[in-house]
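Look for subunit A in each of the two complexes below; its partner is subunit B in the first and subunit C in the second.
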Partner chain A sequence: MVFSAKTGGSEEWKAVISAISTLVEEATFEATGEGIAFRGMDPSHVALIDIAWPNSAFEKYVCDADVKFGVRIDEFSKLIKRSDKKDNIEISISEDKLLLVTIGKNKKYKMRLIESSATDTPLPKITYNAKVGVTSAEFDKILGDIQVVSEYLSINANPTKAEFSGRGDSGEAIITLEKGMPEMPELEIKEDSNATYSLEYLNSIVKAVGTVAGTVVCEYSSKMPLRLEFKVANIGRIHFYLAPRVES
Partner chain B sequence: MKRTATDIRKAIESNWNEYLSRYGNLFSSNHVDGSTPPSVFVGAYGYPKVLVGPMLPPVHGDTMILDLPEKWTGKSLEDIVNYRLSLVRGIKPVKIDDVGQKYIESLQEMSMSEKSTDAEMELVKNASPTVSIDGDSPIFGPIGEIKSAKFANSSSDKNMQRTFYDHDLLANDALVELYNRGIEISRIQKCFSIGMFGKTRKLVPTRWSITATDDIISKSLVEKITEYDVLDTSLVFSYNHLGNFFAVVMFPSRWMFEMQEAWYDEQGNIGFGSDFEDIKGMTHYPETAGAHFASRLAVSEYLTEKKAQAAVMVLREIRPEYAVPVGVWQVREGIRMALKQKPLEVSNFQEGLDFACKKLSIGKKEWLAHSKLYLAKKQKSISDFF
Partner chain C sequence: MGLDLKQLCVRERTNLESFTSKIVAIDAYNAIYQFLSIIRGPDGLPLTDYNGKITSHISGLFYRNINFLSLGIKPVYVFDGRPPSLKSAEIQRRKQVKKDATIKYEKAISEGNYAEAKKFAQQTSVLRDDMVEESKKFLELFGIPSIQAPSEGEATAAHLTTTGKAYASASQDFDSMLFGTKRLVRNFTNSGKRKLPNRNTTIEIEPEIIQLDKTLTELGVTREQLVDIGILIGTDFNPDGFERIGPKTALKMIKDHGRLEDVSQIQDKLSEIDYQQIRDIFLKPQVVDVPEIKFGDVDYGGIVNYLTKERSFSLDRVDTSLNRLKKALEKKSQNLEQWFK
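Showing the complex of A and B:
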């Protein structure tokens, strides 16, 4: 079996690891001829991350047989952090089942792999009625603005505008983006949609990958999960699914 | 007329004084000769140098009932207080890591015993049996500093013995293993407290060891539960004993657990304590202290048996009749008893809480106002949409 994947810099791995670390402590990656994929939920099953990292996004990519490898995210992260921004990172798996990580020209690490306990996680089946694309800087700001009064973010979108709001013991907050504003390059509405999500989860994922993604695309429907898409250069896409909060 | 807490305490005291006027000479002596249930107590005062010793009644025979809370459901407050008072607590200062000494070894032997064991204590001065029951401090019978102590040989429980001699077995694993083999929580806790488990052994004050035992064992059960399918129905259970009213409401959901306590103070004001956890476990020491872990143990036992996970809200209302706090075991046993009753099947959490509150004096609105589970319940799971 031959598997080796080399990135052009180190930011890609940093983004992938920090995204995953918001949900789990151990991660199982799956490498196939197509590229590297990860899918996993947090222990409470509130959020799900789905990463598809196509072979074309790598500087060099070889994989002649499918392989799964599990890592402890904190261990992997420490090691990747030893890289400079421009360092290539090349990973492969040794015969004695260690992850070989080459950073830049001359740094070589071997890291233990863990037994992968991951079962195949499906994706939620949802028809998205609203699609709101917001620059990641603006999205981060909105989360901060709402957090002053609330632990939850409600998104209410119609064909002319998107409203982000929150309500707590101390009061309420509302931020409106009108169609055509530069902060919101995309607004596609099939049906007016209103749903509420936990800021705790949103904040941690946006802090983790928002800075490397230009825009965040929010897709959702009333009382249904939210899907955030982060487009990160040289990764392809990171999908973050978050289950809604529903008054019952 | 209904008795107040003060009346109950007075009655307990006068019963006890009457008992002493008949048998007082047994207690007021520097020599105590009897059979220990077996029972051992490790104080917290002075930690890391703590007061350790056996609990010994001045009578011979099968005294097991005196320190086996698992057998106490259905007993009155007076009975339980009397059990407690009839044990003379011998004390000797020992550093918590000094478990290799002969004195501790003989207490460990004794703790493993399958039945009551004869023992003798020579005290520095006469133990004095005067007691005052104020409703705040824990109840002890006479206490005396030990000059010397002797324990008869006893036959040890084989499971305890095996975990005791296995120095590679982690303390947590030892606790869980003994529990899985059917040993009572109160007996496991005593062995734990007298430094019998783990790689590095040390004494653990009784108070802490009770909480730790409930915590460790229930954690291992919760781990199993979270892999099970979600419970298919909503259920309500209730039970009351010793002036404590318990209600348990469970409904289909991923694992969530909340224990709430409410009590009346002397002025009739209501106090609340409430702690919530989900699969991530507790992140702080609970407001309801050991009661949180004791109730989590009873609930996780039930769900393990049903092979299901669920969201569970436990309500404990403490009435003024609970005049003398007798220990966290009564929460564990009270909820175990509640979960042995035939449950009421309801259509959802709200309806369950309505029924639960019918047997409580505190209303639904107040419980919900202190509930985090109620808020967390609004958060759906991604798996609801697969």
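Showing the complex of A and C:
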């Protein structure tokens, strides 16, 4: 079996690891001819991350047989953090089942792999009636604005505008983006939709990957899960699914 | 005393969060006895209300279930019914332990040796019928269902897992494995430091999950053979087991010979016990089927009333805990499971 994947810099792995670390402590990656994939949920199954990292995004990618490898995210993260921004990172798996990580020109690590107990995670089956694309800088700001008063973000979108709002003991907040505003490059509405999601989960994922993604595309339907899509240069896409808040 | 299967089971670390939105069938007697033995004042005596009635079990159920419900876990308590008659020797033995401990407790108190006294006090826990009834009524205030088992609670709890009504059963006793539970959770509580009864040390307690099929595959035996192994080690129905046969030897004997009847070196002793009946207790247990497990709403007012007016709990502490629960329930996000179908 030959598997090796080399990135052009270290930001890609840093983004992938920080995204995954918001949900799980142990991660199982799957490498195939097409690229590297990860899918996993937090222990309470409220949120799910689905990453498809195509072979074309790598500087060099070889995989002649599918392979799964599990790592402890904290261990992997510490090691990747030893890289400079411009360092290439090349990973492969040794015969004695260790992860070989080459950072830059002269740093080589060997890291233990863990046996993956993860079962295959399905994807939620949802029809999305609303699609709202917001620049990631604006989306991060909105979350901060709402958090002043609330632990939840409600999104209410119709064909002319999208409203982001929150309500708590101290009061309410509402941020309106009209169609055509530069902060919201995309607004596609099949049906007016309104749903509420936990800011705690949204904040951590946006902090983790928002900065490296140009836009965040929110897709959802009333009282249904939200799917955030982050397009990250040299990774491809990261999908983040989040269950809605229970309506009381 | 429980069955010593610990070193044969495949035990995996877990956490309470992974049981969110899942139904877990709890061995009620096992949980309540634990509360009675652990939740005690500095003098080693259980907590009581102004009438002198014991409240350790109510206190335990209160905090434990607030914790479960806050995390979205759905507990259902399974209470023991009539024990199988073969258990009488074990029950007699337990009674004697309690009697002896009571005598030792009184002696220690009269000598002013409080550390000793506390140690013995913990062994004297008795769960009376009125306490069982109180517990059931108290659970009802939380909207938590109780199930009355016809015989051993663990058997009905195991049955709930095999019929898909519950995800796992929770007990400290490994007997649940012989009763065929799909998944057994031990230390079903928050991880953290716990004081060991009778010892002045604390240990780190972490919930662990044992899957029956994984354990059977790992050991390379069938469930019937696991029951035979249990009988060799000693169950509640033959508490002494077989002399000089521990878990490892028992496993080897059954793997080598297949079943009790074919292990030649134990035949004399085997003829003295009713092993066929013990097998039946585990493999064809008396259980009850429940059509549907229903959870109700939390009756906050009812809980406050009962605890503060009837059982001498402090209003402040009850309020603080209930507010935490209220907040957690309001805050809950649904999980994604329902959209996977």
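Keep in mind that, in the parts below, the second predicted complex is superposed on the first by the 247 of 248 C-alpha atoms of A that agree within 3 Å, B and C clash if a C-alpha of one lies under 4 Å from a C-alpha of the other, contacts with A are read in each partner's own complex, and residues count from 1 in each chain.
Rule of thumb we're sticking to: a contact is a pair of C-beta atoms (placed from the backbone, for glycine too) under 8 Å apart; a residue touches a chain by one contact, two chains touch by 3 or more.
The structure presented is a predicted model; accordingly, all values stated were derived computationally and were not measured.
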Three-chain arrangement built on subunit A, subunit B and subunit C clash or fit: clash
Touched partner set for A:Val134, first subunit B, second subunit C, both or neither: neither
Touching partner for A:Pro244 - first (subunit B), second (subunit C), both, neither: both
Which superposed partner A:Ile20 touches (first subunit B, second subunit C, both, neither): neither
First (subunit B), second (subunit C), both or neither touched by A:Ala213: neither
Subunit A residues contacted in one complex by subunit B, in the other by subunit C: 41, 43-48, 122-126, 198, 224-225, 241-246, 248
Complex interface listing, subunit B residues touching subunit A: 226, 254, 278-280, 377-386
Of all residues in subunit A, those that touch subunit C in their complex: 41, 43-48, 117, 122-126, 151, 197-198, 201, 224-225, 241-246, 248
Subunit A residues within the subunit B interface of the complex: 41, 43-48, 122-126, 198, 224-225, 241-248
Interfacial residue positions of subunit C with respect to subunit A in the complex: 12, 15, 17-18, 20-21, 71-72, 330-337, 339-341
